[in-house]
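Each chain carries a letter (A, B, C and D) given by its place in the written order, and its residues are counted from 1.
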Amino acid sequence: MSIFIDEKTKLVVQGITGRDGSFHSSQMIEYGTQVVAGVTPGKGGQKFEDKVPVFNTMAEAVEATGANASVIYVPATFAADAIIEAGDADVALIVCITEGLPVQDMTRVIPFLAERNIRLIGPNCPGLISPGKSKVGIIPATICAEGRVGLVSRSGTLTYEIVHQLTTSGIGQSTCIGIGGDPIIGTNFIDCLEAFQADDETDAIVMMGEIGGTDEQKAAEYVAANVTKPVVGFIAGQTAPPGRRMGHAGAIISGSAGTAAEKMEAFRKAGIGVMERPADVVKLIKERL
Amino acid sequence: MSIFIDEKTKLVVQGITGRDGSFHSSQMIEYGTQVVAGVTPGKGGQKFEDKVPVFNTMAEAVEATGANASVIYVPATFAADAIIEAGDADVALIVCITEGLPVQDMTRVIPFLAERNIRLIGPNCPGLISPGKSKVGIIPATICAEGRVGLVSRSGTLTYEIVHQLTTSGIGQSTCIGIGGDPIIGTNFIDCLEAFQADDETDAIVMMGEIGGTDEQKAAEYVAANVTKPVVGFIAGQTAPPGRRMGHAGAIISGSAGTAAEKMEAFRKAGIGVMERPADVVKLIKERL
Amino acid sequence: MNLHEYQARELLKEAGIAVPDGDVADTPEAVEKIAERLGGKVVVKAQVHAGGRGKAGGVKLADTAAEAKEHARAILGMEIKGLTVEKVLVAPAEDIATESYVGVIVDRESQRAVVMVSPEGGVDIEEVAAKTPEKIFKVAVDPRYGLLAHEAMGLAFELFDDIKLVRQAAGIISKLYQVFVSSGASLIEINPLVSTPEGTVKALDAKLGVDDNELGRKPKIEALRDLSSEDPSEVDAREAGLSFIKLDGNVGCCVNGAGLAMATMDLVKYYGGDPANFLDIGGSSNPQKVVTALEIITRDKNVKAILFNIFGGITRCDDVANGIVTALDQTEIKVPLVIRLTGTNEAEGIKILEDRGLSALTDMDDAVEKAVAMAKEAA
Amino acid sequence: MNLHEYQARELLKEAGIAVPDGDVADTPEAVEKIAERLGGKVVVKAQVHAGGRGKAGGVKLADTAAEAKEHARAILGMEIKGLTVEKVLVAPAEDIATESYVGVIVDRESQRAVVMVSPEGGVDIEEVAAKTPEKIFKVAVDPRYGLLAHEAMGLAFELFDDIKLVRQAAGIISKLYQVFVSSGASLIEINPLVSTPEGTVKALDAKLGVDDNELGRKPKIEALRDLSSEDPSEVDAREAGLSFIKLDGNVGCCVNGAGLAMATMDLVKYYGGDPANFLDIGGSSNPQKVVTALEIITRDKNVKAILFNIFGGITRCDDVANGIVTALDQTEIKVPLVIRLTGTNEAEGIKILEDRGLSALTDMDDAVEKAVAMAKEAA
């Protein structure tokens, strides 16, 4: 097992002919992900890399291929529309890589998907990978290894850093998932913790949080109440000044709320192993396995 | 039993201090309907007829009284808002008497109520009465009698006519309901047929249709497939010219569709006893009981 | 309420939909001026609320401004389906590559606004729907989200293959839905939606019907009403809050409630008579409405008897009785009145009538039979 | 992006919300003229993106136009929280009966826009929320329906009893939500919302923060940006598509990804150093971004060493390497560079650097330790 994606995932790439979409589609195909279709309006009928059919609309792509997931690489202005189009085409999982989505667009996307019971990961996220099974998004496959640690992170490249540290220390992963750095996202820490707890191929969980909001605090409460597997966690932004948005739209300390110190304290209270720096992940995980 | 309302119905009157609202509230109270509250913004704290508390909002009214139904007498411009306010206050039944609601307002109201699983009767309807139990709306109580015939109608005064004919011939009613003459309404013929079929205090059903749309045709199919109780029906507008709206926004023959002849034919095919004129109702019902 | 083409295209233009240049005029001279400005090659189109303008000779192409003026002279003042042409629209004659149809209606079945497109444009869409339904593509709009971007694109792909045309059409479809909502329409159509050889998509003709119930809150739309295009009695009735439709018979009918009014007309026919009109005085009537109703009915010289059929609910019998009495005080009614009055405040109503020396029946069949007989007698 | 009060009130006015008369000015003479027009009794308010203007002396009442001019002379050019006052708003001094608060924010928890009102207006709302949370009333708006009429009324009833004031307030709340949506706001506030002794409800002060991600599709809002009120390096960074925040340390950081950038700063601290900035070159970077990033970092004279920490994903290591090489070609960088490069196209990136005689590390801790050491050495 793994969470959210596996070898049965049949993926449509929305924006397959763009610069990022085409680059990462190649990488996903190379990794073995079942990329069954692409969508770019006006390029219906073409083939990507001579094998993946391109459609004008998601509805056509899903009808023709039986796809059950989509990944989105379209520009921010069109990304919310792309999510909604995928939702209407009734895929079970939508992964939105695009960053810069207006947050009000997200307030409209969330209930649309909730009504259809569709999982959204992101936006503004690196996607996810279940090593050896499937990769959806942009996490570099070369840094991953099959194994039994689950990883969930609000960040992109910081995720890679941790995966890299784990892999080079011989610790493989069941699924690595970046949930995104925006204030409103489709899948949160608790959703992932719940899935990892239920996944019998996951033995331990790494949580990479950051300043802003209260998701980590709520996740810590969830861990204390519901997660029996060992969890270790990190909070980025210990040196961030309050009131400034640290790149991610969601990474902002408002007044005295959402600081790294507060979140690390919540982790400690919940029995989560707290990393002082990314490299601590290896030691903390090894202690707990 | 009866359908939709009975002695346990606890009613809020929206627009209780208006001309129509106050007149018909008095009539409902006199009939024995449990009118537990009224709503008129700005008149919160007053009492209607020295006993029914008036509130500023539906939320307050329902919270204070445990009401489970509302009836709406507010002007057309505010009626959709009133329906939505009642829906948000979570009553199980909303009866909208007001006529003249923009049809686009109704397209917005319908999904709002559907999400909350709330029954709307109307708009532009006379409401309903379960003789001897409860009356919600404006059907004159004096013309009704307790009994075992269920009546459903798209019209207001034509309903009274039929009820009057039945009562003066000694045929009482389980529930009489006017579903309204607009193109988009909350409760349709089939909803009522289903409820009457399930109601063990109803032995026969009278359906009063009119020109426009295909609801009567669909109801006829429903009767043929699902209703074992005798049904008699009438279609108003046999002499109506095509393309002209006969008062009711919904009563319009479009091209050759929605004519009285077509609907009467559908009734006959479904085994529904067809009245040539309102007065036939007595004979047709007596034959079938 | 229906808008004229020139009014509808103005609303589309305001919403950012490409419509050809052009202007409306009510004299041949003004038409000539517009045609000159547009370069001479124009189409002159009658502005009336009737379909089949082309077949009736109400739409003409001109090669020069002088020819446009001649056409205008012929079209202005002509009758199309009983309506006099008071205005014409003058627009440049366009080069057309394709003609499609785009429309939005309120659909009773789905209880939603439905956007429809067809690559078969420029013809009667009901005919297309009847003969080749597979050439009509529909989306029922979830009003909670509005017409979604991908829905508009999906429909546009049914009209065009070239992505440049698709995007233009999708934009027009989205904007058309916006106009549908903002104008309180029950029907809005672009037929034909054309593409030009240069690759531009435009709305060549537009039709817009507004839900009468919206007019109270849309004063700008209400202001577009053209009273000259409607029956004066129906205009007066509407202004008084009555619902009135003139028919050809001789039994004037004044009823409360549309269903009962239709049933009353049907019963007049049943008893061998012929209704002169449909008239619903509505719920919550005040006496003045009844006065106006009587005034409108008696305008029709065919009317030989007047039948009141009132079943009081929200309408109160005493209000109606007061209205009848007031009307009789104000004007002499020369045809016989048959009054049927029952329901809410029935006793009060009958008392008012009796005080004035009038009598009332309580049975509908009796009243209708009597009115039919009286009309026959008078005829 | 934050708007100035005078800009925000203009948007409210356009939406039909009652705001007092008044105008903005940047000289004492212009202030005097406005004050004369307004009758002399005015309030002069500094227009800066900072709270606590009143306490800082940036808001003054005047009884005459001459006094207003004097106040303007004092306020224009003053510094409030490090920001220079370039403009003042001059508005009539209002008679005030009550002061309330109305605001709309995007709420992370409910994932919705939340409308908040409080009868405790004119004071810091966060303080009210902390001390007397029962005096704040909220509605989380279902975006599928927008703020519903009864929701606005319900909130307005928390502010007023008199139905005339309630209806005005409900109208303002509804319109405020509309402006929130149409302007792409992440925060909009009226504080205080006042009622006058005559029974009029008005927006006395307005605050509006726009979601930066909306600006691309809201050119009218974007045009309101006041560059003079922002740090020039941050302006340049934003225009280049970089996310940059200046800090006080001496280790310049150039990282891809916000999380990794924060973790890098944290690690600089962990190893005893001090980050000079937060800088995220973003995903999908092109070489030019890296050039600009280096240019901005080196502007800061405190910077003694520059640390690149790149973990390729959507960002490709070769793009970053090319950017570094191009930047070095264009300008001489006088401080040492420590480059950490790993992930997508790592080999290609390292090759590009090596061809230019640069070396790259692959371990983050190694790179940070080295950069901290180099900065200490140079300091």
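Simple rule for what comes next: a residue touches a chain if its C-beta (ideal position, glycine included) is under 8 Å from a C-beta of that chain, and two chains touch if they have at least 3 such contacts.
No experiment lies behind these values; they were computed from the predicted model shown.
Participant: Show me the overlap between the contact partners of chain C and those of chain D.
Facilitator: A, B
Participant: Please indicate which chain is farthest from chain A, where distance is taken between mean Cα coordinates of the chains.
Facilitator: Result for max centroid distance from chain A is chain C.
Participant: Pick out whichever of the two, B-C or B-D, is joined by more C-beta pairs in contact.
Facilitator: Higher contact count goes to B-C.
Participant: Just the number, please: Cα centre separation of chain A and chain C in whole Å.
Facilitator: 55
Participant: Using mean CA coordinates as chain centres, what's the chain B-chain C distance in Å?
Facilitator: Inter-chain centre distance comes to 28 Å.
Participant: Just how far, in Å, is the C-alpha centre of chain B from the one of chain A?
Facilitator: Measuring from centre to centre gives 51 Å for this pair.
Participant: Find every residue in chain D that makes contact with two or more other chains and list them.
Facilitator: Correct list: 144-145.
Participant: Give the residues of chain A that touch two or more other chains, as numbers and ranges in rising order.
Facilitator: Those would be 108, 112.
Participant: If every chain is a node and every touching pair an edge, decide which shape results: line, ring, star, complete or other.
Facilitator: Per interface graph, the chains form some other shape.
Participant: Touching pairs of chains, all of them, please.
Facilitator: Listed by label, chains in contact pair as A-C, A-D, B-C, B-D, C-D.
Participant: For the complex, give me every residue of chain D touching chain A.
Facilitator: 106, 108-109, 111-113, 126, 142-144, 181, 184, 186, 211-214, 216-217, 243, 245, 247, 255-263, 265-270, 275, 278, 280, 282-284, 310-315, 342-344, 364-365
Participant: Can you check the complex and tell me which residues of chain B touch chain D?
Facilitator: Contact set of chain B toward chain D: 41-44, 56-59, 78, 81-82, 84-85, 88, 108, 112.
Participant: For the complex, give me every residue of chain B touching chain C.
Facilitator: 19-20, 24, 76-77, 97, 99-104, 106-108, 110-112, 126, 138-140, 143, 153-161, 164, 181, 183-184, 208, 210-211, 213-215, 234, 236-241, 244-251, 255, 260, 276-279
Participant: Help me check something: in the complex, which residues belonging to chain D touch chain B?
Facilitator: 145, 148-151, 153-154, 157, 162-163, 166-167
Participant: Would you mind writing out the residues of chain D in touch with chain C in their complex?
Facilitator: It comes out as residues 144-145.
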